[in-house]
Structure formats: structure tokens, C-alpha cells
Amino acid sequence: MDYAIQQVLNALSFGAEYALLALGLAIVFSIMGLVNFAHGEIIAAGGYSMFAITSLLTGNPFVVIVGALLVAVLASVLLERVAFRPVRYADASTGLLTAFGVSMILQNLFLLLVSPRPIAITNLYFLNWPIEVAGVQISTLQVFETVTTAIAICLLVVFLKKSSFGIAMRAASLDFEMVRLMGIRANRVVAVAFAVSGLLAGLACIFIMARRGSVDPTFGFNPVLKAFVACVLGGFGSLPGAVLGGFLLGAIEVGMLVLLPQSYGGMKEAFVFGIVALILVWRPDGILSPAVEKGDKL
Amino acid sequence: MLELHNVRVYHGPIEAVHGLSVSVSEGQCVVLLGPNGAGKTSTLSAIAGVASSRGQITFNGHDLEGLSIEERQRLGIALAPEGRRIFSNLSVRENLLIGAATRTDRPGVASDIDYWFSTFPVLHERSDQAAGTLSGGEQQMLTIARALMSKPRILLLDEPSLGLAPLICKQIFALIDSLKAQGMTILLVEQNVRDALQLADYGYMLNSGNLMSEGDRETLSRQGASMSTLTGINHT
Amino acid sequence: MSKGINKTMKIFQVASGCAITGILATALAGGSAMAADTIKIGFAVPLTGEYAPYTSVQGARCMAEMINRDGGVDGKMFEVLVQDVGSDSQAAISISEKFLEEGAITISTIPFSDTMIPVAQLAASYGATVIQAQSTQVEMHAGIVDNFITNVSPDPFTATAGANFALENGVKNVVLFTSDEGGSWSARTPVWFGDVIEAGGGTVLSSLNFSFGTSDWSPQIAELKKLDPQPDAVYISSVMPDVGVLIRQMRTAGIDAWVIGSDGLDDPSLDAIGEGDAAVLDKVVFATLAPSHADSAMAAFIAECNAMDIEVAGLFPALGSDIVMAIAHGVEQAGSVDPVAVREAMRAADSISAKTVENVSFKEHQSYAQRTGPVIGFKDGKRVLLSNEVPDGVPTDWN
Amino acid sequence: MSLSAYISRDQRSGLVGSLLLSCLLIAVGLLVVYFGQRYQLRIVYAAYVNLLVVLGLQVFMGNANITNLSHSAFMGIGAYVAAICVTPVKIKAISLPQAPWGLNAFALDPWVSAFIAIAITALLAWLVGLIITRLSGIGATIVSLALLVIVHSIFLHRTDIFKGKQAFFGIPQVFDINSILIISVCAIFVARAFRESHWGIQLRASADDEVGARSMGVNVYRVRLIAWVLGSVFLAVAGISYAYFLGTISARPFYFTHVFLTVAMLILGGMRTVTGAVLGTLLISFGLEGVRYLETGPELLGIKLPELLGLSGIMLGVVIVVTMAFRSSGITGNTEIEQLFNRWRR
């Protein structure tokens, strides 16, 4: 029984991380139709900034965390300004390929400027210690991550529902041009979307770093792949879909680890992606497809 | 107030309007008439900055060339586009709020929303529902109200009666009439020639991107018979 | 019409020809005339990408400079040819051929058999040797190519060294972590470890699969906690930072079993996970390719290289020094830089003095070195050498 | 002239274009055979294998305008099937002792093996294509990505058949630079012929305006499927050429790195044209070779340059970003080589 509860909690915390990552992708996609594959490199930039702050300024974890969040937000906004603005109104595949290019550049810049080898950053280890809740032992990091994701989702909902900027962003995800016709500056809406996306990437970065304790140039690839899959599962461009897709992917992954016989363990990825493909065949636009909303855009 | 001089409008490589000159002065209601594909919507799009164009467009002495959509809106040009394009997943109230996004006077915005709610009680009833659940006529009213929330100096109205039942059309035209009475400058695009001409101070007749004729209400009304054959619209 | 096409075709041919010549000329500029009195060794290696940590260039370069500084090998100077190939086999093969054409007598390349085999086949036609500082994978010793030499003993040796240590410390029940993603190194090394444990009276409780790049091991740890009896040790042949995460998460979950690993753990970043809480590393050991504790010969070599402004980052780069010494020995014995003679001289030697261990010998196995296999653990967060000998009871079913 | 009765003006123009591109390829080939060093022959061979991949990509991705990321997987399938068929039993006894279904008990002629490899790749592509051609835009892209991961995962895990990341060695090295020259010239003609064919035109029309094409009676799914399967044949041939030249394969080259590299080649050149595919491949292949040389800090004109690891990756990324920002249709845009010449002559 403990084992089952333990694995369900694991699935939940995996899901929380994927949801956090997927939200970052979805918020940009919903507004400008861009699949930002460079999201992973924003996370990596956060990781490298931790290294920079620790070695140049201070190892104080509070400073390191705030610094990483700031760098992630700035990097995200900067990328939009430099790389994505020229392709803002282009079709989705142009944006996707630009993002691939950006991701390639950043990975190699990390390699060139820092090192091709992993760099250890251990000052966030303190976030992780065991606690016992009702006889089940869990790690605080899992709790922090799940709670942070929940808070981030709540804040995001409040922001989108209550603030005028949030309303503009929701409107922009439906009909960007119409929002501009309301006199709302496109650059600001997009910049805020990228800033929020960067902030979510920064949060994810903190938890990944607290667990992994090191960063390397290809650090961001796995997370962004997971986020991408989660977004697609839930329905690309739908924020609730991103959250649902994240938790679903967490459940599928942990489920595969638990249910697959170990001799097939190496095929875990094949099964996970097989399920993803099947879901897409069943619902080509994802589970919570925003296709209905997109209808009035066409 | 609004001057178009020899304006050409492009959709990608295709030229949709071949050199049009239009003039709207303050407080006037000017109508663009013509059949489908005449270039009416393209002209409005060019003014709002949605479509690319060549030639000179000036608004209150400002040359609009190079200005983005949002900068033109901030000068006071509001477009209520064809097909309504309300934000279907946002609530009615949010649709109105977003219309006032450029305004900073919160009490003023609130009282304007109240004004529209009292003008169209149905919007009030549904203020917290998704705007997509409104009927076509209600959506059209919302579109116009949303465009006016920014307190524009000119309203570009694109086919407000399109696809609406005659009774609803009558309401819409009554609304436009009352706006005109309040002194709003309006550039109206319509296929419904007779109703439009009743409102208009001046009109332009377009076909295939070219100006066919222009004149005041009486002039155009006199040409009404020939126009109806051209536009294929039944006058009943 | 057809005349026009001919004309344009000709123009196009000439134009494209010029362009291509220009590009090729740039690539050619690196070539230089062969000189008999230099010992050219080629490194078509990954300086970037996921295999960059295994590159042996820095250590080799440093050792070559040291030898050159002391007058070379009988007056013959080392020339180290290096080019990055990322993780691209085809690039590795082309660059190898370029070096071979320039007269390289040995080639080092991506330490995976899918690159080493074709490079060795290619090198064979030049008489040259593929020499790897760090290649432990067993398939290279199956007799597919006969001009391959690796400076280290294959994986079954490190697996056995780790298992022998475990048995001596009373380990009975073990769990193996396996993965196909690192080739036979991550898939079969744990199995050999298990074989030795079972031969020594222990039990393999379970075998769990993992992926490289895992940054959260919670599901596997839940599997571990389910086991009855609890394991005394887990064995994993993987890399940092993944293993570091595993160790920390196991300790956080209250699992106190030994974590035993292979050379993949031998990275400076392993030591870093003990920062703040050195106890995390108390029951971590790994069987590796050369002693790497603070007062080892390797640590001294790294310091010496740093003084020469060559950064040698840990075990794999440092191992490059051994192959340079082996080649130097071969050249000295052969009295020439003839690649075949040098290889034969290396293989004939009873003992070649090395840098990271005292000496190596290729005499017995021809394709790999007989050398001691150190087991390294931690005390108060600092590396300590637990044993360093040629392990007994190595499984023999790997060829 | 009697030909004109059977083929359209565009198709005739396509023949001329193919001929021009073939001349370019042969010129590069001859140049390197007569003037180049041996290692440069390998670089050209590798570039031409990638050219086959890029042409295969162009056939589907370029004409249908759907980003495909699974192509390296199909290349891998072609390579592995051919390798399993052609490798001598004696070697398979060492390398695949535990292979199921008697896979290690037979060996076939290289041509028969190649044929089987193409047939199996095409069959698998057809099965997958039934699904993928019904999706559009980002959905098709993600399913193709899933396909890449699934195939890679099978290559990795079924070590008894594919050897995973270990070497699958002992494949007879039957191809040389001449073989790849002939194959790539044929490939250019086929890719161009498809582009100008009835199906190619329908597919390009559907890429521009799917609804419009449908209303004109184009069976969009069917033409997409035809292009998808034809593309997979190119990829299979590329895989076979890879295996038959190197003699050793593994799962490693058929994954993300290769996917991104070849996609970059196609979009730089311009994915709508065959000329673009050729141009992009040659530019990036030879350009990267130059950058790689600069990377390791060589001495040029007496100046010792610093070591700049990662420069080639940065260059590749910059090429993609700049192309997308300033000319998202690639260098050639919508213009094939012979059209360029015609324009230039006027």
C-alpha cells in the first residue's frame, strides 16, 4: 500500500514539474503560435547564472534563486526581441525552426563560454530532506515542487482573469490582430508572455538544479521535450491543457516504470511516445483542444 | 478629418484597391457601397493598418504611413470589423473592458460599461458569460460597443448588418443613427444600400477596387436603381 | 535553346568548381609535409557534445609537451594532431583519414565501437594503430580488428574489482541498474558484477532499468524500498550527474545501501555532492581505471599540467598521458616511427611505465592493457584508495 | 522534340534543372576524385548521403509543407535492414549470436538486400503514413517526433538484433564515391520529376491552400501519402549508402543531431525546391568542414587563432535563425535552378 501511495505521489511530482515546463511553452504558443524549443536553453541559462552568481558574488541560496529567476526572465524577453520578433507573424514551422536554431546557438555558446563538461552547483541541495506524512516518506523537494506549481497555476489564473494585461493576453490567444485593433501594444503583450514563460522556466530550473546539482550545455533538451509532449497531449495552446498534459505525462511515465517488466524497461520511451502518438491519432489537436477557439481566427 | 489620397491596398501580391480617394469630415457619416470584392473592407483595413497600402492616408493632420495598428487606434481610429470578431471565450464584460484598454480613467470606464449595459440590457444579463454564447445580433452590438469603449474620434464600421435578421438590422441602424446624432464620425461599409443611404451624409460607390461614383445622399439615391442592378441586392 | 543551356551549364560548372575549390583549399590548409623525425599522433575526438568528458586530448597533449621539453624520444618530437568531431562517426572517420594521410602513426577517436571499428579498419591500410586511452567496451577485443589497443582493462575487470570489494565488506544482496543507452558498458557491466557477487555467495535481488539523463529517481527508489530483504548494495554503470542524483535521493529516502559504480562515476563533480554533508558519500565506491585520490600520481600530473597552462579535467583526460608514454616506449624500442614496428614494440614490452598507474603491459592480451584496477571510496568527503590490484575471478564469458 | 507530346513544359524545365544540378554534383565529385585528398572523398561521400536524406525530406516536407522530424529513423531502418540481410553469416555469428527468427542464419547479395531494405522501409512508411498524412501542422510534426523516439528506442533496446549503441560491423563495403554519385544524380531526377508530376503539383497546391485544393478535387491524403512513401525510399537508399560505405553502423547516427543537421540543410537552401535541397546540403556540408577546421584554433597567415569549440554549432544555428528571419523560404525560395538561369539570361 505504501508502495502504491509512494508511486502515486511520484507521478504527481513528476506531473507538477512537467506542467510547470509545459505552461511555459503553452503561454507563448497560445499568443503567437510559436513552439519555443529554446525554452530548455532558458532553463539552462538559469542554471549557468547560478554558477556565475555562486562563483562571482555569493553562494547565498536566496540570492542565487532570485538571480536565476531574473536571468531566466531576462533571457526569455531578450530572445523574443532578438530572434523571435522577426518571425512573429510567420507560420508555425518558421517559428519552430527559428527556435531550433536559437536553441542550437545557446547550447554551443554555453559550451564555448563555459565548458562542454557538466558544472556542479550544489548550493540548492538544502531544499531536499525527507519528511514522513502518515507513514509515507516523501522528500520536501517533491512537496515544494508540487506546491510551487499549484501556486504558480493559481497566480497565473488570477493574473489572466483579473488584470487587464491578463485579459489582453487571453484575448490575444484568440485573435491577436483584434487585440491590436483595441490599441493594445503587440510588443508588450508578447514581451509579457515571454517574461511569464521565462519566470516559469526559472522556477522549473530551481527544482531541477536542486535535484541534479549540475548543469551542462544540453541540460535543457530533456525538459523541453517533455514539455512539448505534455503540451501536445493536452492540446497545444490551451493552458489548462498544458497542465493536464503535464500531469498525464507524469502519470504515464511513472506508470510505465512501474508496470513494464524490467526486461522491457529500455523501451519505456517507446511506450510513452507510442501512447502520445495514439492520443494524437484519437484527438489530433490534443485532449483539451483549443481548436474551437481558433475557429474564429480563420 | 480623415483623408485618403490615391490609396492602393494590397493583400500579399494582389492589389485589391486601385487608387481610391476618400474624405470624411468631423461629425459626418460616410458610407462605402459596393458588391462583394469591391474593396470596401480592404479600404477600412488599410485605414486601420491591418492591410498594407500605398498612397497617402492622413487623420487629423497625422500621416498614418508607418504607424502600427495600435498606434493608429491610439490616435482615435476604432474598427468594428466584419464578421464581428468578438473574443468568444472572454466574458461580455471582459470584451468591453479590453475595448477600453487604452484608457486610464477607471471610473469613466465603469460608467461607460454601465451605459452600454443599460442601452443593451441583454449584454447586462449575460455580462459574465462567454461572449461566444451571444446571438449574432447581440455579438454585433457588443462589437460596436467594444469599439466605442476606447472613446474613438472615428468609428470604422464594417458590414454591421451582415447576416442578421431584418428586425435586428433595424436595431443596429437605429444605434448608428443615435451615434451620429451624438456627433460621432463614422465611416460605414454596407451592402444594404437603402438603409445605409438613409444614414449617410455622403457616399462612395466602389466596384472591383475602383471608384464608380460618389456624392451626397440624394445623388446616390437617384442612381439607386442602377446601383441595385450592379450590386444585385434586392431593395425590399 | 540547347546552345543556351550548354553555355549556362558551362558557366555554372566553372562557377561551382571555383566555389568548391575555394572551400576545399581552406580545409586543405592544415596539411603539411611529412617529416620523419616527428611522432605524429592523431586525435579525431569529441571535444564537444555528449562524449566530450571522455576525451583524452588534454592529458596526451600535456605529456607530449613534457616529453618534447625533455628532448623528445631519441630526438624525435611528438606532434599532436587534434580536431573536434562532435559525436559524428563519419566526421571521425574522415578526420582520421586526414591525420593518417599526414603521417599519424596512431589515432584516437570516439570511444564507441561503431566509430573505433571503421577507424581501425581504415588505419590498418596505413599500418597505423587505433589507441584509446579509456575504451573499456568488450566488443573491441573480439578479434574484429587487430590494430586496436586500449590503455585500460575492459569492463569485466572493473565490475569484478567492485564486486570483490563488496564481498569483502559483507555485501550479500544486490540490486543492479542496467541501461542499453551506454552500450555494453552500462548494460553488461552490472551483470558481470552480479555474476561475481553470486559466485561469491551473494544474491541479485532485482535488476532495474534506467535511462541516461534521469534527474529524478523517485520511482526506482520506491521499487528499491519495496524489496525484502533490503539490498546491501546497488550497482550502476552510469555517469555524473545522474548517479549523483541517485545517491542523494537514496540517502534522502533512508536507503543506506552501498552505491557501487564503475569508471563513469570518476568525475570531479561526484565529490561536489558531498559538499555540506560529507556523509552522503560515505558508502559510495567505484572501481575505476586509475587511482584518482588527492595524493595519487594522477593528481600530481594534473597539477603539473595546470602549471603548464594545460587544464586536465579529471580521469579520462589524464589517461591520455599513458598512451603517449606507451607510444614513446614503442618508438624508442622500434627505433623508428614506422607505425607497425611501433605497435609491435608496444605489444612486445613486458612492462611500460605509465603515469596514472605504475605500469601497463599489452603483452598478454595484445588489445588491452593488463593494469591494476583501483577501488576508490570516500572518507569525510575526500577520496581514499581502498584497493589497487589486478582483480581475481574476472568473468570470462565476454568474448 | 517529339518528347513534348508526352511531357509538360514544367516537366521539360525540370529535366533541364535536374541536368544542371547533376552537373554540379558530378563536377564536385570529379574535382575531389582528381584533386582532393582521400579524406575529402569521405567528406564528399558523407555530404552526398546527407543529400539523399535532404532530397527525401524535400519530397514530403518541401512539397507538403509539413515539418517532418522522423526522417533519420527511416534512414536507420533502411541501413539496419540492409545490414542484417547482407552481412555474412560468419560475422553475424560473432555480432548477433542471439538474434531471433534466424536473422543470423542467412546472408544475401547486396542488391537483393538493398531491395528488401527499400521495400521494408517503404512498407513501414506506408503504414505510418496512413496516420501521419491525416494530421496537419504541429500534430504531424509531433507524431513524426514520437516516431523518431520510438524507432531509436527499439534500435537501442533490441541489442540482439540491432546492437544498440554498439557497433553493427562487418557489412560488406560495396559502395564507393562512384556509386553515390550515380545514386544522387538519379535521386535528383526522381525528386524533380515528382515535384513537376501531377501528384507533386497537387501536393504543392494543397500545401498552399488545403481547403482550396480539396474543393478542386485533390485527394490531399493520398498525394501526401505518395510523397511520404517516396520520401522514405530516398531515406532508405541513404541509409543503405551509409551502411555499404562505412561497413559499421549503430543507432547513434540516426537521432536528433542528424535530424537537426539535415533539416537545417533543407531550410537554408529552400525546402520548396530541389535546387534548394542540393544547395543547402552542399553549403552546410562544406561550410561546416571549414568551420570545424577553424574551431580547433589553427594558424592562418601566421596568426594563431584561439580554440573556439562549439563554433560550428553556433554557425549552424545562426544560419537557421538568419534564414528564417530574412528569407524564410530559403535561398532559392520558389525558384528552381533553370528558372534562375532563364531570368539571369534575360
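All chains are identified by letter, namely A, B, C and D, in their written order; residue positions are counted from 1 within each chain.
Here, a contact is a pair of C-beta atoms (placed from the backbone, for glycine too) under 8 Å apart; a residue touches a chain by one contact, two chains touch by 3 or more.
It should be emphasised that the depicted structure is a prediction, and the values quoted were computed from it without experimental measurement.
J.: Averaging each chain's C-alpha atoms to get its centre, pick out the one most distant from chain A.
T.: Max centre-to-centre separation from chain A belongs to B.
J.: Between C-D and A-C, which chain pair shares more contacting C-beta pairs?
T.: C-D
J.: Chain A to chain D: how many Å between their CA centres?
T.: 32
J.: Quick one: chain A and chain C, Cα centre-to-centre, how many Å?
T.: So the centre of chain A lies 35 Å away from the centre of chain C.
J.: Indicate the whole-number Å distance between the mean C-alpha point of chain B and the mean C-alpha point of chain D.
T.: Result: the chain centres lie 52 Å from each other.
J.: List, in ascending order, every residue of chain B touching at least 2 other chains.
T.: none
J.: Could you list the positions in chain D whose residues touch two or more of the other chains?
T.: Each of 156-157, 309-310, 312-313 in chain D touches at least two other chains.
J.: Can you list every residue of chain C that touches 2 or more other chains, as numbers and ranges?
T.: Expected reply: 47-49, 180-181.
J.: Kindly provide every pair of chains that touch.
T.: Pairwise, the chains that meet the contact rule are A-B, A-C, A-D, C-D.
J.: Okay, in this complex, where on chain A does chain D touch?
T.: Touch residues, chain A against chain D: 35, 83, 86-87, 90, 92-98, 100-109, 111-112, 116, 217, 221, 228-229, 232, 236, 264, 266-270, 273-274, 276-277, 280-281, 284-285.
J.: Under the touch definition given earlier, write down the residues of chain D that touch chain A in their complex.
T.: Within the complex, chain D touches chain A at residues 65-67, 131, 134-139, 141-143, 145-147, 149-150, 152-154, 156-157, 256, 260, 263-264, 267, 308-314, 316-321, 324-326, 328.
J.: Sort out for me which residues of chain C touch chain D in the complex.
T.: 4-5, 8-9, 12-13, 16-17, 20-21, 23-24, 26-31, 47-49, 82-84, 86-91, 93-98, 100-101, 112-114, 116-118, 121, 137, 139, 142, 144, 180-184, 187
J.: Once bound in the complex, which stretches of chain D touch chain C?
T.: Going by the criterion above, the answer is residues 16, 19-20, 23-24, 27-28, 31-32, 35-40, 42-43, 46, 94, 156-157, 159, 164-170, 242, 246-250, 252-253, 257, 286-287, 289-290, 292-293, 295-296, 298, 300, 309-310, 312-313, 337, 341, 344-345.
J.: Help me check something: in the complex, which residues belonging to chain A touch chain C?
T.: Residue list for chain A touching chain C: 2-3, 6-7, 10, 13-14, 17, 108, 111, 116-120, 122, 125-126, 128-130, 137, 139, 142, 208, 211-214, 216, 218, 222, 253-254, 257-258, 262, 265-266, 268-269.
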